[in-house]
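Across the two complexes that follow, chain A remains constant while its partner is chain B and subsequently chain C.
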Partner chain A sequence: MLQYVLRRLAYSVIVLFVASFLVFTFVAKTGDPLAALRLNPRISEQSVENIKERKHLDDSVFVRYGYWVNDAFTNGFGTTVLGDRPILPDLWRVMKHTLQLVIIAELLAILIAVGIGVYSALRQYSVFDYTATTFSFMGLALPVFWFALMLQVGVVYLKDWTGYNIFPIASLSSVDPGTGIHFWIDRAHHLVLPVIVLMIASIATYSRFMRASMLEVVNSDYVRTARAKGLTEKRVTMKHAFRNALIPLVTLVAINFGALLGGAIATEFVFSLDGMGLYYISALNQNDPYPVMAWLMVTATLIILFNLIADIAYGYLDPRVRYD
Partner chain B sequence: MRKRSLLLLAGAAAIVASLVVGPAATAGPDRVSAGTVVFIHDQEPPNLRPNWVDNSLYATALVDNSIFLGGQIRDNNANWVTRLFTGPPKLLKKSPQTVQFTFSPKANWSDGTPVTCADWRATWQIWINPANNPASRTGYEDIKSVTCKGKTGVIVFKKVYAAWDALVNSGVWPAKYTAGKDANKLWEDSIPVSSGPWKFQSWQKGTQITVVKNPKYTIAPMKLDRVVFRYIADTNARFQAMKAGEGQAMEPQAQLQIADFQKDKNFVVKAVAGYSYEHVDIQFGPKGAAPLKAPYVRQALITGINRPQIASALYQTIAPGLPTLQSNIFKSFEKGYVKHYARYPFNQTKVISILKGKGCTGGPDKPSAGNDKIFSCPGVGKLSFRFSTTAGNQLRALTFEVIQRQLKSVGIELVPRFQPAGLLFGTTLPSSDWDLIMFTWVEDPTSKITSRDKLGCGGDINYGNYCNKKASALLDKTAQELDDATRTKLLNQSEAMMAKDIPSIPMFVRPVFTIAAKKLKGLTTPTTLEGDFWNVNTWSVS
Partner chain C sequence: MVQSTVQPGAVGGADPSIASAPITSEAELAFEAGVELKARSQWSYARTRFFRHKAAVVSLAVLIFFAIVAIFAKQIAPYGYDEIDLEHIDPITGIARSPRLDGHHYLGTDQLGRDYLSRIIYGIRTSLWVAVFVAILATVIGTAVGAISGFYGGHVDNILMRITDLFFTVPGLAILLVAAVYLGSDDSEITEINLPFTSAAIPLPFTIPIYQPMKIGIILAFLFWVALARVVRGLFLSLREKEFVEAAKAAGASDMRIITRHILPNCVGPIVVFTTLIVAGAILTEAFLSFVGYGIQPPNAALGKLIVDGQSEGFTLWWLVVFPGLAIFLIAMCINFVGDGLRDALDPTQRRSR
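Now for the complex of A and B:
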């Protein structure tokens, strides 16, 4: 097991290294962080030169990559090209916000999806099953940005109708969020719409997985045996079928969670949530390779980590899996 | 099992509580204090260091202009309004150019110390220090000396600097707080003092900046308790947040959503022509298409584009009556504006006759929407041009489609080269490897003084490589001319010559919009980058 984990981590380092170099090259070659300055006829050439020199912008991409690697390990990913702003504190801040959003959305999605999936499997081809299937496909097909916008429009209509703004449209907190419990209530209130948006696709995916997995298990020999032994239906379902049906879902959730920590880009952008996704988009718009690289490294590491966790969890839950 | 049920119940209760209590705890605009205005903006400043090379953003100016207040500021019509000075600065001598200014006895920093000439001199020294990175040293680097006597200062220039009034009127930084500090690191996350109507209070990164009334500012104090700048990146979300009452004012880009607000009785929408203008530059250099060097081809191009129709098609709904711009130097609302390019009215039949008259062949005999024949002209070849502009901008895409269709119907082909802004402005534009390029010049009332940079031979931003030596010599003179009337005359003489060459096709001045909740009084739409808050002293919310 330990050998397997170490081997996977060693591969991951190589993957991260190659990915970082490729992305750095693409970002550095396709955009110029000083582009906006060139449109200003009065911009001080000396100031631009100072930045170029400080950030080694005239050096080859290999040299710049070398500086970046050094910064990444010794200086918390360094600073932005424009603004000379330390990257790590900003990244840490947005990551915490994304974590809040993703954890709430994923927990709720799992709870709801598992319920829907299990009930659909146990009542296969019932009205509930068909309804759940229809809504799942709708959930999978809904473009996130469109759905988010529709929710915002809906809230505005509701406000016009009732005079009451039930959910905030944008941002993570109010103008005066307060402190302590008031702050967290305000935060939860602001996360309602984004969580709904993020949950929909997850519920659709997880519930289909759960249904399929549950159907496979309830029709298997050992469940029939359990019933034949005279166990109650509740015990058969919960102890024997449900636990085993959860195994594929655990891996899926782990992988999805890792990917979402990189930022639910569309959701965060539409709701202007100060998270990883919005941070990434802003950095790309500014053609600044350094925050883009920092984002990439954190995201890639998390994805690799959660993939590894998924594999380990799978082996732990299903004793048939061996790490040879 | 009971424990699990209790946990589930508690979770559900927490969610319900957040929905019920949340709205009450939310400081929406209806619940915040009556003296608060929430201003919705798209871009959050990277720091609070204004006019620095890494931060010459309008978003920063909006916050900082009322903290580092100028001696005089621009009103919504670009006229000077006295603030920290006792009156307009005086031009004492033309040679060497010598200027005098005096800060008002009422001009104080929020910590109680007076704003003096020493602050002006310290700001000048910061700007000319080669280790510092201000966005522009223009003007400051032309100053020979600043002599201070309390609140009065005398500036002597090394050489004539025509835009001296804008320079002298600029906001100053507090000498007390900048002495001995690395200016490249100043005002990173906060500003400790203010000379203007508000002072910095807090910055919730990624969400909002809050400024509050500065009680030590008595020249034109604001009635409001505070202004909160809320940053919402997504265009639609900004409009929806405004509609939902999460903000009282915004200054949106030209978007069709503005039309919704025009119909809504809860909002006031205003639009004025600004100093930024849309244009199509023509490449005269070796990397440009050969036909563009022929004057008759450039004449055919401008005559084949229905510029009034384009401005109308783009802005009819949200800014009706937007005029076609007929100058590359003056804006249509400015004193001295002459319609130099009005000599090229839209006339498709004339385009064909111009081209045929010069021996071009292969094109249509008469304008036709379905035409696919392209002219080829003697010695220069086919009239097919690369048309570069920014990707992802709907209004530009529409403008291109209209221009492409109009020119195609007279036998001129445009091939789109849409690129992300970073690539277009960072690589393509300065490389001069394009035929036609459409973008916006963001200008201000003093930009015309430095028109030589844009249109003069070898000008710093003359990426089209256009050169008319006589016109260029006149532009050089304007940069040294201190008299407004003479300068206007010189600029118009120069542009009259250039209009015959058509170095660039002016399209229209971009409108500036403001949307305000009806209960907010006092907001005007700014023509210049001084921004909406020049008269924040008159703002109030009912």
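Now for the complex of A and C:
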């Protein structure tokens, strides 16, 4: 087991290096992060040259990548080209915001999806089952950013109509959120719409998965044995079937969670939430390789870690699984 | 005479009374038993199963409708994509006219007085074009890589699977955005091939025109082939151990022949189902890319771009946001249903989980 984990980790380091080099090359060759400065008449040619010199923008990609690796290991991913902002503190801030959003949304999604999935499986081909299936098909086909916009439009029209603004449609906090409990109430109020958006996609996926997994378990031999022993139906479904049906879901949720920590890009973009996804998009807009790379490294590491967690959890929950 | 359909191979145990005569074919056997045997191909069974799936059939009809609209956009769209009509201005909202059923602009017009129905039709045209392009490209690459990887195993398999690992580790959408920025946002022409990491370039004797949506298509295909390659590899791994492959090998068939004529036909079902998933994924992803501003660029029409253009005033002009999104949603949902129907039809071994 330990050997398996170590081998996976060692291998992941190689993958990270290859990925980082490729992405660095792409971003570095794409555009000029100083384009905005050059257009500004108040900034002299000399100061642009100075930044260029300091950030080694004229060197070859290999040399620049070398500087980046050095910065990544010794200097917390370095600083941005424009404004010389240290990257790591910014990254922690947006990470916290994304965590708040993703954890709430995923927890609610799991609870709802497990309920829907189990009930659909137990009442297969019932009206509820068909309705749930249809809705999950709709959820999977829903463009996330459009759904977010629709909610915003709905809230705005409701405000025009009733004169009452039920939910804020953008950002994480009010201008003056207050402190302590007031701050958190305000934050929760702002997170309602983003959480709904994020939940829908997850519920659609998880409930389908849960239903399939539950169906498989319910039709298995040991459940029939449990029934034959004369256990109550409740005990059979809850103790025998349900617990085992949850195992595959753990894997899916862990992997999905890891990916979402890189930011629910669409949701954060539409609601302009100061999270990982928005951070990434704005870094990309500025053609600045350093924040893009920092984001990529953190996100890729998280994805690798959560994939590993998924594997280990699966092996722990299902002793039949062996690693070699 | 009893009319019935018998699945080939199903007539295994013959009636003892007629077993004395040497029976050569199933048709003969059925004739002796007084049954008219109607030969039905696998495709015929698949078709029957597909048409039993009501939602899939309805979805297919809707998709065909959208496809016709897309193909004949120039004939069907009441106005041009960029045609400005200032004669039918809305008394309340001004140039942007809300949708109403009086014969002009059924879906309203945008802020510049351009017919929104026409714009959406052209948007659907581009979206479907890109999606089909992505599906074909990703399916060809994914199938080829998966087949080679699964059939040969060993070092080839190792290298190819490590490449796909790379794709699974790095967040796909992020790579997509970077690649979209890298490839640029204009229609362009390839006149020379740049050698990687150097400034040297090999001039081409001819120019290859690159239509900008095609760039987006290439990027998306680059993202989507990976999962399919894994699926095909898995199928090949199990099928290459089967007896019929061994028989083909013993008969002296070449590797190429075994792959294309013996194993691949057995993978068609899962590949087709997966391809439909790719189409739906491509439409949704392309719309998002265009929405964020890295996708299809004007003057090419794109549904995602329509949404982001409408968003600036979308909170007062609701139709600018609602209709293009609805089109994306409908298309993606129909494709998913058709995919589900195809799964039932082509993959009968898979337990029906509906």
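In the analysis below, the second predicted complex is superposed on the first by the 318 of 324 C-alpha atoms of A that agree within 3 Å, B and C clash if a C-alpha of one lies under 4 Å from a C-alpha of the other, contacts with A are read in each partner's own complex, and residues count from 1 in each chain.
Convention: contacts are C-beta pairs under 8 Å (C-beta built on N, C-alpha and C of every residue); 3 or more make two chains touch, one makes a residue touch a chain.
The shown structure was predicted, so the numbers you read here are calculated from the model rather than taken from an experiment.
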item	value
First (chain B), second (chain C), both or neither touched by A:173	first
Partner chain(s) touched by A:30 [first = chain B, second = chain C, both, neither]	both
Chain B versus chain C as contact partner of A:281, first or second or both or neither	both
Touching partner for A:137 - first (chain B), second (chain C), both, neither	second
Which superposed partner A:269 touches (first chain B, second chain C, both, neither)	both
Which of chain B and chain C A:237 touches, first, second, both or neither	neither
Contacts of A:292 with chain B and chain C, given as first, second, both or neither	second
Per-residue touch tally on chain A - higher for chain B or for chain C	B
First (chain B), second (chain C), both or neither touched by A:152	both
Which of chain B and chain C A:100 touches, first, second, both or neither	neither
Intersection of the chain A residues that touch chain B with those that touch chain C	30-31, 149, 152-153, 156, 269, 281, 287
Partner chain A, residues of chain C touching it in the complex	55, 162, 165-166, 168-171, 173-175, 177-179, 181-182, 197, 280, 284, 287-288, 291-292, 307, 311, 314-316, 318, 321-322, 325, 328-329, 332-333, 335-337, 340, 353-354
Chain B partner contacts - residues on chain A that touch it in the complex	30-44, 46-48, 50-51, 80-85, 90, 93-94, 97, 149, 152-153, 155-156, 159-160, 164-178, 182, 185-186, 188-190, 192, 269-272, 274, 278, 281-282, 285-287
Chain B residues within the chain A interface of the complex	14-15, 17-19, 21-23, 25-30, 32, 36, 38, 46-47, 52-56, 130-138, 184-185, 188, 204-208, 210, 228, 230-234, 236-238, 240-241, 243-246, 420-427, 429-430, 439, 441-442, 447, 450, 453-454, 460-461
List of chain A residues in touch with chain C within their complex	12, 15-16, 18-19, 23, 25-27, 29-31, 61-62, 133-134, 137-138, 140-147, 149-150, 152-153, 156-157, 211-212, 215, 259, 262, 265-266, 269, 280-281, 284, 287, 292, 295-296, 299-300, 303-304, 307
